[in-house]
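Multiple structures are listed underneath, in structure tokens.
Below, chain A partners chain B and then partners chain C, in two separate complexes.
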Partner chain A sequence: MSELKKFSMESASDKLRLEDEKIAIEVKDWNLYYGTKQALHGITMQLPENRVTAFIGPSGCGKSTLLRCFNRMNDLIDTVSVEGSILLHGEEMYSKRMDVSALRRRVGMVFQKPNPFPKTIFENVCYGLRLQGIKDKQVLDETVEWALRGANLWEEVKDRLDDNALGLSGGQQQRLCIARAIAIKPEVLLLDEPTSALDPISTLAIEELIFDLKKTFTILIVTHNMQQAARVSDYTAFMYMGDLVEYTDTDSLFTNPKLKQTEDYISGRYG
Partner chain B sequence: MQKKEFSSHISNQLNRNLEELFNHILEMGGMVENQLDMALGALESGDVIAAKEVVRFDKIINQAEMEIDRLCIRVLARQQPAASDLRLILATIRIAIDLERMGDEVCKLAKLVIRFHKNEPCLCANYAGYAELVDITTRSREMLKVTLNAFARVSAEDAISILDQEEVVDHVYKKACKDVTEQFKKNSENVECLLEVMTALRASERLSDHALNIMESIIYLVQGKDVRNMDQERLTKFLEKM
Partner chain C sequence: MRNWFNKGEHWIWFSASAVSVSVVLVFGLLAMIAYKGLLHFWAHDVYVYPVSTANGQVEEVVGELHDTKFKLMADENNPKVMHEVPEYLIKTGNRDVYGIDFKWINSKNIDLSQIKLADDITVIERYEWGNVYGHLASLTLDGKLIASGADVKDKLQNLVEKSNVLLDKIHHIEKSVMGSINYQIEELRLEEKKLRANKEYHGEAKAEVEEKRAELSEAFIKQQASMQELYKQADVLGEVVLTIAGDQKIAVKIRQIVRFWQPNNMSMLEKLGFFFSSIGHFLTEDPREANTEGGVFPAIVGTVTMVLLMTVLVTPMGVLAAVYMSEYAKNGPVLRMVRISINNLAGVPSIVFGIFGLGFFVYILGGSIDDLFYGYAAPSPVFGTPGLLWASLTMALLTLPVVIVSTQEGLSRIPRSLREGGLALGATKFETITRIVLPMATPAIMTGLILAIARAAGEVAPLMLVGVVKLAPELPIDFNAPFIHLENKFMHLGFHIYDVGFQSPNVEASQPLVYATSLLLVMIILSLNLGAIMIRNRLRERYKALDN
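This part shows the complex of A and B:
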């Protein structure tokens, strides 16, 4: 009977639907300009909670620019101006009252190249906690272990927490950066091409980690590797020249995209 | 969707492999068409040599299916196709399976000719259901031809034109089964031969089912929609929207 249910038509056609999701971030008519050049055109989308959403598209399509909007990293660029609205759990990210440091604690980020601080492994992970003024040794110890376990690195480094982080391999360094990002328990984790500098085995380890982390965090990932987007994400957004072209569940996008432009890109055709 | 889209990738290697897949399927389909022609000729004339050739041909068709599987595995492993390319791989594997099974069914028809020849060389055409057997086989051959052309043109519209033929085949098959059953009741001496005809009728009807499966694979390739197991009402609605 259970087998019958397993293969029934209903379960076979069961697919993720945005309308059934709790929404973590809502983007409304979002425009971004570098000086006079418009880099993002009226992006409107909802990013679901505890899911992995991948952004794909050719270089310069605006996917990293959009990702950086989610923790106001673009504020650091003088020429950038923005219009529209981005809500994090209903709260306007770009409101004047928003404390940007607090926002970045809620929205952590991991970059393309592992960038550990030239400090010990322990100090790297508890760096954010110390910034928050946490000094309690027990809290720090517990959080460091939790974050390193979460980043699937604990077993490899538990006996050398006082070693310099720069002595770790590339894959370990990137997992350390993920541990550092999750140690402050953000709501959202932004990953900007997190495996592009890693070997295939380390890449798979990070992908497996992403799968585990989505139970706790909402994950947004920018990747040039389409197969990676297909492997790790629940939803995929295809962007082209600053436009959001197609945004749907990953299964549909990679097997039967609605738009020819998406089809051409993901199947490597001349557009 | 047009066939040329499958040869417009940046990777020429992928273009070549997909082109090769198309050609392999059409070649294999051509083999089954030939085999069906030979079997039809043998059914109509009782030509045992042609019937034996049909059986021999089946081994080559089986090889063709394995070759298509090998190519599909290679493309999947090395080029990770997506979207319509991925659907082409899946459709190709399914079509190759259907063509191989058509080959098996055609063999059953040929074996009927061989067995009849041993028993009663000239009387086979007089059995109940035999004329319908030839009729269904001829229609199935036409259905195969239409679906292969539709695959070559990547056209779901062309493929669905076999639906009318399928209805006729069903009708003829039911009538033939009824006739054979009647004959069973009337004449118990020829039970063995009538059973042979019944088996062959079933095989010829299966030929049209496989052609229908190929049509479904083409719809999946073109529209990305799996129409297998759709009831008539849903299928009609879907086809109207196409």
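This part shows the complex of A and C:
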């Protein structure tokens, strides 16, 4: 909670305002359907660069679905159809010319459950680099160390990089997945409930990590945990039933929600 | 009691007894095969059976007790009462004298107390005509006596060793050296035919072929001469003369002797030594005497080669099909139909696959290959005849459903999160499948292969149509390039069992051999499977944490 306090003090003197930010991703009138069922209703929002934006809302509100739109992960589901536009630094993500693999290299993702590959720790981290055809041992070594340091894991695993990644603890595995995602130096990092499968200590480690990572990356995080959203994010979006209900800086949303629906949710009256 | 039923205890007992019945059956089967088969290699004691003949005389029958059967016979005093009277099957050997190897004796005709061990009896295993049972009398050469009495045995031992060295040399020349020369001559003949067919057989090419041929024939003649020389050396080793029952004499040429032993004078340790050396002979030698004697080496090589080749053929086919079906194909009625067809393919009788293999692979595919590439060899077919390649392909088809189904199961067990993890790092679908999904599915693929090997190694019926023959001393693998001869016919242990057990002229003699061969076949399947299981376990170890 100390961070929250520090953070509140900081924002009191220097209040964050979306209008002042550089925009990384721009969503315009975005609709998504699972078959005939509409899951996202005309979402329009701007996501600022080098900030942490949190998506909160009750289960099934579409926050994970929206997050997966930002690296076109929903393409994998046959029945999904979309309309509207999402711009990444002004470039249309869903245009026909867009190379999906290249897009996913620019927008990294960490999943709810840690999903390291059954390979060594080293190979896990440099998997994305190897995909790009990088073979230079020195480059790989340096990037792996950089990514593991970035994910706050280096000290714990530096002596056993050749061990199987599945031997790590859950929290370590999740940080490994973050290291794996940042090793390819994406512009945006998507975190889909990254701590929901972890214990409190690992959760704290990852929250501290997010705080550090936002200097380098634009971070979008989906979370069920409102305290977590309040602790780590600069901006928060509250979603409900596929609609974006309220989206503003975290401080205002939690202390002074404009809509009654938001207030009910954050005060725990439903959801 | 009621409580006992309510708890479902009786179901536990039922299932436990089902398991124990299966276990008992499996081990009972193995134990029976092992016992009957291994007896074949033991140096049995030889007895003398005094048999009273119809005219009141007593005839001595010398041999090993092979089998006992009970025959229903009427009591002498009261014809209404039937007794079970044991009859003994005695292996007497000396086929050249008696005409047959075996003799049935009714126990009524012998005084059981008079059966005794035959003193100093010698058993000689010959390359032809089976065993000789008799007493060593003398050694002769061209009618002249070399040795007699007590030192015959040592001298004979010496001579047999010498003869075996010579025979090994002859065998080497015959098989390896002359075999290789023959192979080259055959290649040359085909090349000449090819040149003639292209109307290029003149001038330099012709001269070259003729020169080569002259070289080869010269080498062939030289080898033949040295072989003749060795045969002569083996001939002058002489003969051994044995006395058999009724004071008859049998002369056996030394070079005809595989080995000899005196079972009644052997200690337990010597018998054990004999037992293991017999197994060694069985595993490493070619069959003799219409497969009823000698070893099964070509059949072992044939079986293992066929199974391994089948594995090499079925793996890519099955894995690719499974990957397409579970990763790329759209779910729908067509895919469902294909799935059902594949599952039904596993239930098609194997002989049907044999017919298909013969009709499609051998005649159509093999015939076309011959037409296209081996036209000059006509009318003798190269690939248009049953052979190793077609047998392996047929077996690959037969086992394809197993591999497809287990690979699909393996693929479907790989969590979605891992695929997404790969894709989220910018991998294409193809890269995700080849780098993450397939390596993780290898244990499941191995399971499919284990089942496939077990099925293919035990199958006989389709093989008879597409490449297995009774006798093919030429191995499908040898030292002549290209080392593996896909067009060759080969021997197979399963077919060998059928052939020895049911097609041989001497069924009684070959019965233990049938069991021994069955045991060997089971062992080979078991060791192939164990190999595959070990690989699978190592792979599983690597991916173990995923299972939880």
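Note that in this section the second predicted complex is superposed on the first by the 256 of 271 C-alpha atoms of A that agree within 3 Å, B and C clash if a C-alpha of one lies under 4 Å from a C-alpha of the other, contacts with A are read in each partner's own complex, and residues count from 1 in each chain.
The rule is simple: a residue touches a chain if its C-beta (ideal position, glycine included) is under 8 Å from a C-beta of that chain, and two chains touch if they have at least 3 such contacts.
Note that this is a predicted model, so its numbers are computed, not measured.
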(request) Would you mind checking whether chain B and chain C clash or fit side by side on chain A after the superposition? (result) fit
(request) Go through the superposed model and pick first if A:254 touches only chain B, second if only chain C, both, or neither. (result) first
(request) Tell me which partner A:57 touches in the superposition: chain B (first), chain C (second), both or neither. (result) neither
(message) Given the overlay on chain A, how many degrees, to the nearest 10, lie between chain B and chain C at the CA centre of chain A?
(response) 140
(message) One more residue to check, A:48. First (chain B), second (chain C), both or neither?
(response) neither
(request) Kindly classify A:127 by the partners it touches after superposition: chain B alone (first), chain C alone (second), both, or neither? (result) second
(request) Decide which partner touches more residues of chain A, taking chain B and chain C as the two options. (result) C
(request) Return first, second, both or neither, reflecting whether A:226 touches chain B, chain C, both chains, or no partner chain. (result) first
(message) On the A-aligned overlay, A:269 touches which partner chain: chain B = first, chain C = second, or both, or neither?
(response) first
(request) Using only C-alpha atoms, work out how near chain B sits to chain C after the chain A superposition, in angstrom. (result) 33
(request) Write out the stretch or stretches of chain B touching chain A in their complex. (result) 5, 8-11, 14, 80-87, 224-225, 229
(request) Name, in rising order, each residue of chain C that touches chain A in their complex. (result) 330, 415, 417-418, 420-428, 431, 435-436, 439-440, 542-546
(request) Could you pull out which chain A residues touch chain B in their complex? (result) 9, 226-227, 230, 254-257, 262-263, 266-270
(message) Quick check: in the complex, which residue numbers of chain A touch chain C?
(response) 71, 73, 76, 78, 101-102, 104-105, 108-109, 111, 113, 115-118, 127-128, 131-132, 164, 166-167, 177, 180-181, 184
